[in-house]
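A, B, C and D are the chain letters, set down in written order, and residue numbers restart from 1 in every chain.
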Amino acid sequence: MLLEGRKISKRFGGVQALSEVDFHVEEGSITGLIGPNGAGKTTLFSIVAGALKPTSGRTFFEGREITGLPADQICRRGIARTFQIVRPFASMSCLENVLVAAVNRHPERPRAALEAAARDLLGQVGLADFADQEARHLNVIQKKRLELARALATEPRLLLLDEVLGGLNTQEIQEAVEDIRALRDRRGITILWIEHVMGAIMQAADRVIVLDQGRVLTAAPPREVVSDPRVIQAYLGE
Amino acid sequence: MLAISVMNGLVIGVIYALAALGVSLVVGIMNVINFAHGELYILAGYFSFLFASTLGMPFAPAMGLAVALVFLFGLLIERLLIRPTYGNDMYSLILTFILSIVLQNAFLLIFGPYPNKPPLWVRGASEIFGLFSYGNQRLAALVSGAALIALVFLVLQKTWFGRIIRATSQDRAMAEWNGVNTTRLNMLSFGLGCALAAAAGVILSPVFPVTPTAGVPIALTAFVVVVLGGMGSMWGCVVGGLLLGLVENLGAAFISSGYKNVFGFLILILVLLVRPSGLFGRAKL
Amino acid sequence: MKRHGKGMAIGLVLALAFCSAAWAQDTIKIGVVGPRTGPAAATGAAFDEGIKLAVEYVNGKGGVLGKKLEVAFEDTAGAPDKAASGFERLVTRDKVVMVLGESHSSSALAQIEVANRMKIPFIVVEAWADEITAKNYRYVFRAGPSNSGVVNQTIAQWVKAENFKRAFVVAENTDWGIGIGKLTENALAKAGIPYESMITERNSQDHYVELTKIKAFKPDVVLAYIYGVGLHYFVAQAGETGVSPQAVVLDGAGPPSLWPDYWKNVGDYGDLECFVSSMHEKVELTPLAKLFREAYTKKFGKAPTDYKSRSIFDGILIAADAINRAKATDAEKLVEALEKTNLETTRGTAKFGLTPGGPDYHQWMPPMLVIQWQNKQQVVLYPPQAATGKLKR
Amino acid sequence: MTTSVKWIWPAVLVGMCLLPLGVGIYPQHVLIVSLFYVMMAASWNLLAGYTGQVSFGHAAMAGIGAYTSGILAAKAGLNPWIGIAAGTLFAALLGLGLGALCLKMGGIYLSLTTLAFSQILHIIIVNEYEVTRGTMGLQVPGLIPEYSKLAYYYILLAATVLVLFILYRMIHSNLGLNFRAVQNDETAARAVGVRVLHLRVLAFTAASAMAGFAGGLYGHYLLLVTPEIPSLDLQFYVLAMTVIGGMGSFVGPILGAFAINILAEKIRDYGEYHVLVFGLVALATARFAPEGLIGVWRSLRRRPAR
């Protein structure tokens, strides 16, 4: 088990966003996280990544507790994320966006080496030509790729992807799924993945966790989830 | 010595609470610190001086008019300066800081450097329980200040408007979902915050005459009280104000009068260290 | 990167454009320093009046060295740093040949350093700290009261003459306040009068706690050395807390009790207050004093109240006289001429002490009066030969 | 880098060296004061512009430097240069403490705490007049035996170049990369491992040290240290210069400090309006051109290209 959450609850004022969520992510897996809007998926991500503190409950990474650690420490432990609504460093160039992540991972390395690596990463996500442009000039899809490159530059063991397929056509979705699989297969990065494009997640994931109204509905391989009446109910009831 | 220090602490404490209520209201609802709060207090003092002393109006309508004008001025400030900065607390802070300096210098040009004092409501002094003699105008300020605080609480507790304010300061997002027009609410509460500063100004200016820069210590103490009581907590304001008034005056009487104002700031830093949300504050802003 | 550099270059051009200095001289300029803003801004107004009258008087008598006398007035705001840089500005930008004025000792102490460094004669008019002349700077003169002079010749003598039993000394935290407070304590101790003392903040609006401490001592006279509107708060609150009229309050500076807003700020509690002054309509020492009163009343449509308007008038007369006798405007000749001053002014004949070693060097001490407000009328109490009435309690 | 860039900084430096020659003493004084404000505004910009910490205690830090050095020199007879070093160090330590104290708090709390700090300092200075001489001002010895504006100008210029050089290096290193990331998006910055809290404390310490250094030099130039140095008025000037010049840019505060100081001297001739005028300009800039003069300059340059 690479990541484990025990009885995680989160309240915002009067709203119970998560209640006693238990879940885990196996090392080397691609785990999907699905559920209707407002189910608490992104809240759970933010808690794992340290951007939010849970009201109660604990999180463990590689067997060690990470509950309540600040986001930058969790990042250094090996968890990286992308954001549902993209958050690039708008006034910095694409190269600098990736560099920020790289210099905090390897502050000891010379700038030139880090820059070369960052350019390489940008090339891998197809942004080689945009390296010296300010991030604000990219379109949304390019920004998502930039975020991915930035997350990869932190050299994570676990990557949290939040709706990276939005706005892509069928052909592009297929390519993206392949790319994500390659991340796991070639780099050995475990992936926890929130996605609304059901087909893609069912195709790529080894296991799927379903959240509904702040609770875990089920966690099982995709085939079982698809046929689970509770899941169908949850989506239809929306 | 003890008796008069406590008395003095109460009087000053009520005034602190009153001055801080306006700041607290605005912080609670808009998450904006109005740095020019003290200058609005002073502006009201000048207005009431102008209407009562120069134009010869009776003091009560002069005060009312002064507060009303500052309220309108507050609406204007909100519309022109604060509204474009929502979501950027730092920028509103910078803007109102500059505004406070601009107002101070405008006062200097218009009213000159001398202190101005609206007419007293009552003259003379009274013996209190045979213990000490106390200025009647100060006693009047105490009574009217306390009455005004009570009125504010009544409005907050009992009226529809008060409920909206309390709901919004507790959870802005929820209030928005429930259909509160937050833009208009912001404008109104900023204006009210300024009006509260003005009310403190008109009540206190007969005791402590207004000068162009006299608003600075008023605003600073109001900030201390607000942080002490907890950002956005109205009760915190009253308790914090009284506490500060008492601590300052007892400290001045028994420790050192020169360090009177340091006690407040020290308490502030201590409270922030131990309980960053203040005595009655919400956990996080 | 590139744009930064260009921005910088623009700044440079701007700076160069500003740096151009040229000055034509068809008048002789002297500088006046004094507070036009700050806690004693009223002194600046009084200086302004005195300057206008003095310039008219001097130029009416033929000016200085055949040229017109011109006065540049620099605001010092009662802040020593502004005072020092204002003094410097007068010398370097306005090219004045001599500077006079000031009524804050802390400011004057900062200015005498500049005067000494820049070698510019400086006549202090209304800053009283002994150190100003006690430093024995060659270029520094004082044509006005000194702390020790006021205390030893006037205040302490008055306290003894009125037979006060217990005194409380309240002094503001400035060079003037602390200095005159200590001198008063020494004089009281010497006279065997029990006393206590306290330092206060000159801008404080609330003196209740301090007054409670004073009341507990049960004094019959309170010697208050607070310059500025702070004195008004003190006098009003002394009445409210019942310190007065049990004790007589003396304003040890004077002018604050004469400012137009005195009565507005202190109300009924202002009556029976005493203060120090060098001017009273029934005690005019020289014909020039009468002339001043008439010219003032004619020009400003009111009787002169703040004696500091007359002090600066005297100062400018002394300066003009020295320039005329020196027949030059260079500092060394002016200092020599000033040292030989023997001029009738509104407050008697001005002559500077020449014995080095103490505060009397380059010092001329004009006579001072103690006056009491009795039904809003000024009654001179001290010295006895000038008295127009008796102390009322 | 284009070739024009390589010569522009040395050219500016040479220009700055030649600037005071052949002008009167008074313009020299204005230039010296401007250099002090350049150091203050540029280092405050590190806090407010680069790390989003609107500190109202920056002038107080200058006061710490000025009083530490001044008291050591005037009361203990210490060499002013050692005093300035001590003052810089003391300001840095206080900055470290204050920065650490404010870590837990949000932005507004930080501003109010620094405000409280500056007020406490002011009250201590006024009350301990036997040591500090309170509002009377502490007379301190000069940095050089023979008083000379020109010499002071070059000392301050050297100090300014030093401070700006350090700032430039900071901003153009990994640290600066992190600052800009935080400035852009704090949450995203944390998520890629930027130690936001460390950065803040570091910036606070460095900026405080620079303010302490500038304050120490300034005090020994004025020969008089007064509570006007650690005052809210001076804080206002620093803030307004930075805002008008352009917050968050390297050149903005430098430009702002020079422009405002020189304009203020020009406006001074027309009476006591200068602070008001200057406040209104700052208000309009903050409201309508939040990137300041630099921002206006950039958008003017960009427009014709489009």
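Everything that follows uses one rule, which is that a contact is a pair of C-beta atoms (placed from the backbone, for glycine too) under 8 Å apart; a residue touches a chain by one contact, two chains touch by 3 or more.
These numbers come from a predicted model, not from an experiment.
Asker: Give me the ID of the chain with the smallest distance between its Cα centroid and the all-protein Cα centroid.
Answerer: The most central chain, going by mean C-alpha position, is D.
Asker: By mean C-alpha coordinates, which chain is most distant from chain D?
Answerer: That would be chain A.
Asker: Would you mind pulling out the distance in Å between where the CA atoms of chain A average out and where those of chain C do?
Answerer: Distance between chain centres: 75 Å.
Asker: If you average the CA atoms of chain A and of chain D, how far apart do the two points sit, in angstrom?
Answerer: 42
Asker: Distance between chain C and chain D based on Cα centroids, please, to the nearest Å.
Answerer: The mean C-alpha positions of chain C and chain D differ by 36 Å.
Asker: Out of chain C, which residues touch more than one other chain, so two or more?
Answerer: In chain C, the residues touching two or more other chains are 37, 173, 201.
Asker: Show the residues in chain A shared as contacts by 2 or more other chains, in ascending order.
Answerer: none
Asker: What parts of chain D, by residue number, touch at least two of the other chains?
Answerer: Where chain D meets two or more other chains at a single residue, that happens at 126-127, 272.
Asker: Given the complex with chain D, which residues does chain B contribute to the contact?
Answerer: Listed in rising order, the residues are 27, 31, 33, 80-81, 84, 89-91, 93-95, 97-99, 101-102, 105-106, 108-109, 216, 220, 223-224, 227, 231, 256, 258-259, 261-262, 265-266, 268-269, 272-273, 276, 284-285.
Asker: Please name which positions on chain D make contact with chain C in the complex.
Answerer: Contact set of chain D toward chain C: 1-2, 4-5, 8-9, 11-12, 15-16, 19-20, 23-27, 29-31, 34, 126-127, 129, 134-137, 139, 147, 222-224, 226, 228-229, 249-251, 254-255, 258-259, 262, 265-266, 272, 293-294, 297-298, 301.
Asker: Considering the complex alone, what residue numbers of chain C touch chain B?
Answerer: 37-38, 41-42, 173, 199-201, 205-206, 208-210, 212-213, 216, 229, 232-233, 237, 239-242, 261, 264-265, 267-268
Asker: Over in the complex, which chain A residues touch chain D? Could you list them?
Answerer: Going by the criterion above, the answer is residues 49-51, 70-72, 75-76, 80-81, 83, 87-92, 96, 99-101, 103-105, 107, 111, 150-151, 153-154.
Asker: Tell me, which parts of chain C touch chain D in their complex?
Answerer: Per the touch definition, chain C meets chain D at residues 1-12, 14-16, 18-21, 36-37, 75, 79-82, 84-85, 88-89, 92-93, 105-106, 109-110, 113, 117, 173-175, 178, 201-202.
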